[in-house]
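These notes concern the structure reproduced below.
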Amino acid sequence: MLRRTIPMLILAASGILLVVAYFSPFTTSWSETVLGWFNVLAAVAFVLGAGNLLAVNLELVSARRAGWAYALITLLSFAAMFVFGLFKIGVVPNPDHPNVYFAGDYESSQSAFGWVYEYIFSPLTSTMFALLAFYVASAAFRAFRAKNIEAILLLSTAFIVLIAQTAGGMFLTGWIPEDSMFAFLRFDWMKVGITEYIQTAGMRAITIGIALGIAATSLRLILGLDKSYLSKN
Amino acid sequence: MMNALALRWAFRTMAAAMLSANAGALAMPPAPTNVVATDRPGDGGGAVMLQWTAPAPSEVKEARIERSATAAELKASAPNSAAWISVASAPTLAGEGLGFEITDLPPSAANKSSTDQLVFRVAFLGTDGEMSAFTDSNTVVGVANIFLAKKLGLAVSLVLVCGSVILWILLARAGRSVKIRRIAALDAVDEAIGRATEMGRPVLFVPGIQDMTDIQTVAGVTILGRVAKTAAEYDATLEVPTCRSIVMSACRDTVQAAHFGAGRPETYREANINYITDEQFGYVAYVAGRMVREKPAACFYMGAFYAESLVLAENGNAVGAIQIAGTAEPSQLPFFVAACDYTLIGEEFLAASAYLSGERDQLGSIKGQDLGKLIAVMVILVGCVLATVAAFAPEGASARASAAFQNFLGG
Amino acid sequence: MSTANTQTSAPGRSDLRWLWISLMVFSVAALAANAFLRKDGMAHRYVEVIEFERVEAKAVVESGANATGTETAQTEWVDPTDARLANGTLRLVEGVAPIKWKLHKDVASTTEANETSARRAAGDMSAPVVELSMWNSLGVWAAALLTLGIFSFLYRDNPYYKVSESLLIGSSAAYWMINGFWTTIVPNLFGKLAPDVVRAYAIPSLPVSEHPGLDAGLAFVPLILGFMLIWRLAPKGGWIAVWPLAFIIGTTAGLKLVSSIESDLMAQVVATMKPMVVFTAPSTSAVASSAVSAVNFWATVGSLVGVVGVLSVLTYFFFSVEHKGAVGKAARLGVWFLMITFGSAFGLTVMGRITLLAQRLEFLFNSWLNIN
């Protein structure tokens, strides 16, 4: 009862309520309220995440398991960043309220938190992002080796669209007159045709399918057909 | 000399005044008649429909509309300010039929969802710039209605989509065939876990990087339930790194439930389901490193993904894992398609959990989804035909029908 | 046999090791030379120092003929040069010391820093004070070394990458938690439950609510749900955590059910409704029949391709029928449309990714090595 029926009722009731609320001017703002609650809930739930992170890494360090030194680095950087941010160490006062210590911006570049953000966190994440340039190349290379028509379509389209964005496109096909009947062979024309007609159509159909899929999935949840995460035993 | 001049000037002015008065009397448009104000139905408040009888167009250029100032407005402005506030100029014909719509009226101080009592007045502007007298309307209050009429199209679509799904669930219960076409990616799930078991390597499941407020994450976690059950039956190690605290919680519940379902609660390891960090690239740095070190034999990416999709899929490829991806994030589908063995594209991914469950109700709901799609296809075809006919006669009734059809659907 | 193997392979390995070591020694030497021998060698970061001072003051209420005026109870912190202090509308609060601090603003480049310093040295007092920032210079080194650490993963997994990864995980987890605390918990939870306390200690500018009681009441909902969620850490009754989860999933389902139909399904269906014939100029009904030449060929083809594409891809997504016969052919066409769509999206992304890489290299060469 408490473990299955009530959660299912909560789920169905909250779902139906929000669907109905959307249609009345008196209740349309409920969705915003609920999303606001969710943000608070997610922030409170950090306790779970932090607890897990500490538990896992402390266990590695205390048992001197393989890689414990890295776990120690994780723990230390976590603790340092946490303390820097929570106590706003080195934060510049708020010009309007310099007497209130915690009124300063926690992210200001002069603070310890801001320093770690700018010189540790940010370069690390943007380099991780930059690795994608290499992965895009290796993925294209792999698709190149596939011998079926789908892979060829994908790769040749990617090639046309890519080359049309560079000077290479103009260099190779720029000499074809725009008013001739072969103008569609120009890379820039092909790119426009592909992106504006085919890609738009493809994305539209994908989006329509996804919308129906999301609607059906939501309905399955509200109707209680899909309850795998609710049953603990 | 002075006197004579003054006299002549006075005479001229009088004459001019008489002349203009005369002309005014001739061209003064008639005052509006039948001025009726009503609350606009089916709105969120602050709007009124104003009707009047339109005069002959030759006499009148346009209608000038004013409304009474509210108590708050009178108080806020200078004491001797106007009691009437100009609202709009409208074509005189606009008063016919449903009337002219006046929006953005100030809400009442006491009740935000309605306006104060308001009176409107209308005067006609003649073709030569003369104004008629004003005619007052009845008192009106613009109130918010329970149902927003502009969302009627949405309500109809919602009923059609949900109705299709529910109808097919009922048909499935009544014994109709719920045969679904094979989805290769889902048939490969068991094979991939089996392979991992044989090789003695772990199975990696990535539930995306969004929180439980994204249906994709919910769908991913549901698929995790099925993957975890198979893994429990085969006794394969399943690792689930998560990017959100609440997702970690949900995954733990799901995997534990799966182990109970497989009859092997003792093999459930909470420690294999961990929160890493909320940061997208921090998370992917961990998962990529983990992949290279642990060399999972099967990788599942099921949920909402962004730029990290390719980092994951390429590293999975590098360690030779069987990779099955599923996402409804259109921008990441190309990368999964290029780098994974199987990819569930958009709707396939969202139907996967129902497909994998094998339950009649859930399979029926997939059929319902198809019925919804069929309706969408028919609506598109009707719309295209209407639009094509409208292209031949942009002024005709077909064009109006086409526009009204698209407008009803929120276009 | 095995010994022979070891013997033959050993020199090879050690050769490689020596190659790596000499490469490392060479790079370190080159870095050191670059850092110390060149003027403004590497990674110098300068900051503009801006001094701030604030004094506490009270507003003086104009009270007609009485020239002395009365002070309001509300005080504010203002710049000592504030015009209102001079003209008497503000008055200093006695016995409160002014608060002073220095703000450091990053200077874009070493060249700019040198120019500004030179101007100030030449007597131009309008030029700001520029200082070398040890911390920021150190920061550039840290950032550069960590950038290289992440790049090293491309070669293979290694301790250098693992250190970078661990730092990233630890600092980013804490970053988002602190972010959640200061931007959500404090203003949206504490700020509603105890607005006065939050105003006094953390957010003096927290807006005053029109219905503080209602806000506080509503704020209890996520608080209680949050406690239920965390209760799973307790030894008993952890199942209660399922309730808030059900609430989250239920509200998500409700919200997405409506929004997916409205903003995705209906919007895309309407967008697909295009005329199958496109005329170059809007034709009037009188000339429509004779204006066959006015049909825009490519636009019409595009329009047809668009509709055929949407319908064929939707056919691919039909689950009720096996992809055989006519349906199979339509679905196959749909797959081709999908592949071209994906290829196009792929091609459009590549340049963006290369730009990201270029930015990192630019950072390494410009900001760190100071090679322009």
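By written order: A, B and C. Residues from 1 in each chain.
Simple rule for what comes next: contacts are C-beta pairs under 8 Å (C-beta built on N, C-alpha and C of every residue); 3 or more make two chains touch, one makes a residue touch a chain.
This structure is a prediction, so every number in the text was calculated from the model and none was measured.
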Statement: So the chain most remote from chain C by C-alpha centre is B
Field: Innermost chain, where centres are averages of C-alpha coordinates
entry: A
Task: Skim through the chains and flag the pair connected by the most C-beta pairs in contact.
output: A-C
Query: Distance from the CA centroid of chain A to that of chain B, rounded to the nearest Å?
result: 21
Field: Separation of chain A from chain C, taking each centre as the mean of its C-alpha atoms, in whole Å
entry: 11
- line: chain B to chain C, mean C-alpha position gap in Å, rounds to 25
Statement: So chain C residues touching two or more other chains come to 150, 153, 162, 164-165, 168-169, 172-173, 175-177, 229, 232, 242, 245, 248-249, 252-253, 256-258, 260-261, 265, 269, 271-272, 307, 310-311, 314, 317, 338-339, 341-343, 345-346, 349
- line: Flagged in chain B as touching 2+ other chains are 154, 158, 161-162, 213, 215, 218, 246, 249-250, 253, 276-279, 281-282, 285, 330, 333-335, 337-338, 345-347, 351, 366, 369, 373, 376
Message: Show the residues in chain A shared as contacts by 2 or more other chains, in ascending order.
response: 19, 22, 35, 38, 41-42, 45-49, 53, 121, 124-126, 128-129, 131-132, 136, 140, 154, 203, 206-210, 212, 214-215, 217-219, 221, 229-230, 232
- prompt: What does chain C use to touch chain B in their complex?
  reply: 150, 153, 156-157, 161-162, 164-165, 168-169, 172-173, 175-177, 229, 232, 241-242, 245, 248-249, 252-253, 256-258, 260-262, 265-267, 269-279, 282-285, 288, 307, 310-311, 314, 317-323, 338-339, 341-343, 345-346, 349
Task: Within their complex, state which residues of chain B touch chain A.
output: 43-45, 113, 144-148, 151, 154-155, 158, 161-162, 165-166, 169, 211, 213, 215, 218-219, 221-222, 225-226, 244-246, 248-250, 253-254, 256-258, 260, 265, 271, 274-282, 284-285, 307, 310-311, 313-314, 317, 328, 330, 333-335, 337-339, 345-347, 349-351, 353-354, 357, 359, 361-362, 365-366, 368-369, 372-373, 376
Chain B to chain C touching residues, read off their complex: 153-154, 157-158, 161-162, 179-183, 212-215, 218, 246, 249-250, 253, 276-279, 281-282, 285-286, 288-289, 292-293, 330-331, 333-335, 337-338, 345-348, 351, 355, 366-367, 369-370, 373, 376-377, 379-380, 383-384, 386-388, 390-396, 402, 405-406, 409-411
Statement: As the complex stands, chain A meets chain B at residues 19, 22-26, 28, 35, 38, 41-42, 45-49, 52-53, 56, 121, 124-126, 128-129, 131-132, 135-136, 138-140, 142-143, 154, 203, 206-210, 212-221, 223, 225-226, 228-233
